[in-house]
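The structures considered in this document are given below.
Each of the two complexes below includes subunit A, the first together with subunit B, the second together with subunit C.
Our next item is the complex of A and B:
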């Protein structure tokens, strides 16, 4: 709660009183003196009211907490006065997630609340792909005369989850492309069949193909593919340039953050390790790990780290420095999955430098360019050009139109390259 | 389906109330022909306001007709008043109110933007100038002056509240309860102030001496400065 601040809105009445009183005195008009008395009463009224101290509770209900992309979600927000004084002038602005547009009704409401009383208002937002956390509702409370103003933020942490599970992340095998898992190409112990070869002394008896021995008399050994967990670092491009978006749509960072959360889950589901980094206003680094709990940690970091803030930063440190810091943290065999709308050449240059230093990079690029409008068309042509540049450098690029589910884009892209 | 921008226009109920109260003050203080002129002007203003409302509902031709008629009405009102005023003092006295009400209306029914506090002050200030002039020319009884002063403050308060609500919540938000309580409280204070002064004047008999009057006035002014909000 902020400190009560005076609004000084009754100052005009002071002037009125002085003028009326002055004129009454100068022109000897007793009638005008009574007018001045009226002014004095209003000035006193502004003085005697005390600033409100609102104690409020917020309850936000969604008719569908996990909607599909484009669905309309009804939001019902209830604010209850749990204090013991009447709040005469409450102005509530609900904290709609910046990426979601209100399509019906208004998230703003003004009312009077007696102690224990609650008010409910509802509006409709259009769901967009991603996990969207509601921001705290802002409430401005004034006293009855409006001479004091207090601002409070109340939150209940509602989230709209508009994501679908992704079967796999678009990763690069070291030597072999495989849907789902990144597999090592050497044979050895494992669970997946790789090949059979002639028995050699010392091979484990359990791995001898006894069926074959029974039918042909040859001793052969079954080899399984050796599984090797890969460490994948998700790198979200959250530089100011990535916050661009077509009018009224979410920006690329909100899509990238949502996609990163889904990919983290897919990567750990496929028994690989996932870490998190960002190019943005603040350095962000989450050591790679595996397991569902680690995926949740990644999602948590995406939701509350300053680098992924919903509003664009004013400026950010040079991307080259951030890339250098990231490079220093990488271990041999790590790969990067960069989530970037590819709206400038700097990020392309950075990716190519990683690739040149033998760190395999894949790029998932949400398309936020718009087909209409000359400037936008130019942006689209440039972006296509960047795609080609990256592909020529051996980088796997997945072009993702956020209107379509991420899983479809990833599956398509992996199908095309196999 | 597209995102709806917040329409940051002054709240309708408080805004309308402010204009109505200010018009009431102007009408009460006007006399004879002036009152007729004011009435015509107010009808014209209502026509212009309706015209704008219709404009938003995409009935452009009707809105132009209405607004045009309203504008002509305003002009006729002012001209009729200027030509037939009973005397120069009546003309001087009512002129500020006659200009102030349209200014207030323009502040609260803005064609574009979120309304203007300066215009509200200017509009209500002009109406109050008429109250002061009426007191100066002794053309209104002290009781009428008392009521007109209180009403001017109520009109300003409602107008300012309408703009504040428009800025913070926009016109589509539900705010009538808040507006009702706020204006109700201001109205009560106004009634209490008028009642108090009226009662005091009824009890006190005879005209105050010059010294007594001056002392009261100075004391009052000092009180105001001390109370400075």
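Our next item is the complex of A and C:
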């Protein structure tokens, strides 16, 4: 809560009072002097009233917490005065998630609240793909004379989750010596067929290719591709240039942040390790780990860390320096999954440098271009070229149109790759 | 979640009550101890010579302070500025800064605008070469030659614009000046848009209706500055 501040609303009345009183004395006008007394009462009243000290409670309800993309979500916000004094003038502005727009009603409300009393107002937002956390509601409380005001922020952590589960992340075949779901290049424990070889004494009978034995009489053993765990670092491109979107749409960083949360879940569900980094206004690093709790840590970091802020930064350190710092943290065998709209050449150069230093990189690219003529069309064409440049360099690129679920884009891309 | 008042906020009314009590005490002393107050008033009357003059001076001081308070009242008035949450946070659209660069009035300056015009031309040239190389499945050198010869597109304006080896936009054609004179576009903007359309045709990128993206807000220019 901010400290109470005077609004100086009655300063004009003070001026009129003094001028009228002064003139009355000089011109010997008792009637005018009497009228100035009215002003004195107003000014004195403003001086003696104490600032409000609101103690408020917020409760925000959504009619659908996990809507589909484009759905309309009704929000009912209730603010309760849990203090022991009447709040005469409350102006409430709810903290609509920055990426969402209000389509019906208003998130603003003005009221008077006695102790224990509550007020409710509602409005409707259009859901867009991603996880959107409500910002704290802003409440401005003024005393009855309006001469003091206090600003209060109240939060309850409401989130609109407009994402779906992703079955797997688009990864490259690099592995740790632990069982996971990334296919290694050699044979071992797994489910995907790799090759057959001549039977050797001691091979499990379940591995013998009995069909071949029945047809040819050759005794052969089936080998499967070894499935091993991998360490994946999700790198979100949150530089100023990535904060781009057609009017009214969420920007690319909000899509990338939502996708990173979904992919982190998919990666740990497949028994792999996931870490988090960012190219943006502030360095961000979360050591790779595995398990559901670690996936929650990743999501918490995505929701709280300044690097992923909903509003674009004014500036950010050079991406080359950030990439160098990231490279220094990587261990042998790590791979990167970069989430970037690919709206400039620097990020392409950075990815290629990682590849050149034998760190495999995959790119998931939310498409926020709209080919609306002029520079917008040029931006789309240039982005297509960047995709092509990366694919030529051996980088796996998933082009994601946010109008479609991420799971579909990833599944399509992985299907096309196989 | 609950928001509670700060400690300072609870202390403030106590201070104000004490101040009020102090004022009443001073008034009481003035009434009870009649001698010193009367002496002060008599001294002031002697100084000014008449009761009216004393009252008039007090009135003038009140008038001057009142005028000063009136003059500064507009600046002194403060009010919390709550956020504006109805619309999604406004960010520039991809490519918006290119449009701004092409529409920049400095592109009209014959000498000083050379750098701006060259930046627009260079970016379009690079994209055109890459697009032709992809669509024709040829080497970049071959694509660059086609762009230089102007044979990559049927659009005369786009072909001529990128065929120019150096900035020659000072000599804008009649069509470009017409666009400028009717207040629609700068010649650079006109040529750039024709060229983007030509590149989009070659790349097979379908464009939406022109002008749908007008009115967009802030652009920090970093998108192209990063190149």
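The rule is short, and it goes like this: the second predicted complex is superposed on the first by the 375 of 418 C-alpha atoms of A that agree within 3 Å, B and C clash if a C-alpha of one lies under 4 Å from a C-alpha of the other, contacts with A are read in each partner's own complex, and residues count from 1 in each chain.
Going forward, a contact is a pair of C-beta atoms (placed from the backbone, for glycine too) under 8 Å apart; a residue touches a chain by one contact, two chains touch by 3 or more.
As the structure is a computational prediction, the values presented were derived from the model and not from experiment.
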| item | value |
| --- | --- |
| Subunit C versus subunit B on the shared subunit A, clash or fit after superposition | fit |
| Contacts of A:65 with subunit B and subunit C, given as first, second, both or neither | neither |
| Partner chain in contact with A:8 - subunit B first, subunit C second, else both or neither | both |
| Touching partner for A:29 - first (subunit B), second (subunit C), both, neither | first |
| First (subunit B), second (subunit C), both or neither touched by A:98 | second |
| Touched subunit A residues, subunit B compared with subunit C | C |
| First, second, both or neither for A:16, with subunit B first and subunit C second | both |
| Which superposed partner A:320 touches (first subunit B, second subunit C, both, neither) | neither |
| Touching partner for A:306 - first (subunit B), second (subunit C), both, neither | neither |
| Subunit B versus subunit C as contact partner of A:140, first or second or both or neither | both |
| Subunit A-centred angle between subunit C and subunit B, computed on Cα centres after superposition, in steps of 10 ° | 40 |
| Touching partner for A:356 - first (subunit B), second (subunit C), both, neither | neither |
| Smallest separation of CA atoms, subunit C relative to subunit B, angstrom | 5 |
| Interface residues of subunit A shared between complexes with subunit B and subunit C | 6, 8-9, 11-12, 14, 16-25, 28, 91, 93, 101-102, 106, 108, 140, 248 |
| Residue ranges of subunit B in contact with subunit A within the complex | 1-4, 6, 121, 128, 131-132, 135-136, 138, 140-142, 145-146, 149-150, 152-153, 156, 160-161, 164-165, 168-170, 172-175, 177-179, 181-182, 185-186, 189-190, 192-194, 196-197, 201, 207-208, 210, 213-214, 216-218, 220-221, 223-224, 227-229 |
| Sites on subunit C touched by subunit A in the complex | 1-6, 8-10, 12-13, 16, 20, 52, 55-56, 58-70, 72-73, 76-80, 82-83, 85-100, 102, 123-124, 127, 130-131, 134, 192-193, 196-197, 199-200, 203, 205-213, 215-216, 220, 222-224, 226-227 |
| Subunit B-facing residues of subunit A, complex | 6, 8-14, 16-25, 27-47, 72, 88-91, 93, 101-106, 108-112, 121, 126, 140, 144-147, 248 |
| Residue ranges of subunit A touching subunit C (in the complex, touch as defined) | 1, 3-9, 11-12, 14-26, 28, 48, 50-51, 53-58, 82-83, 91, 93-96, 98-102, 106-108, 128, 135, 138-140, 149-157, 239-241, 243-251, 310-312, 314, 341, 343-346, 368-385, 388 |
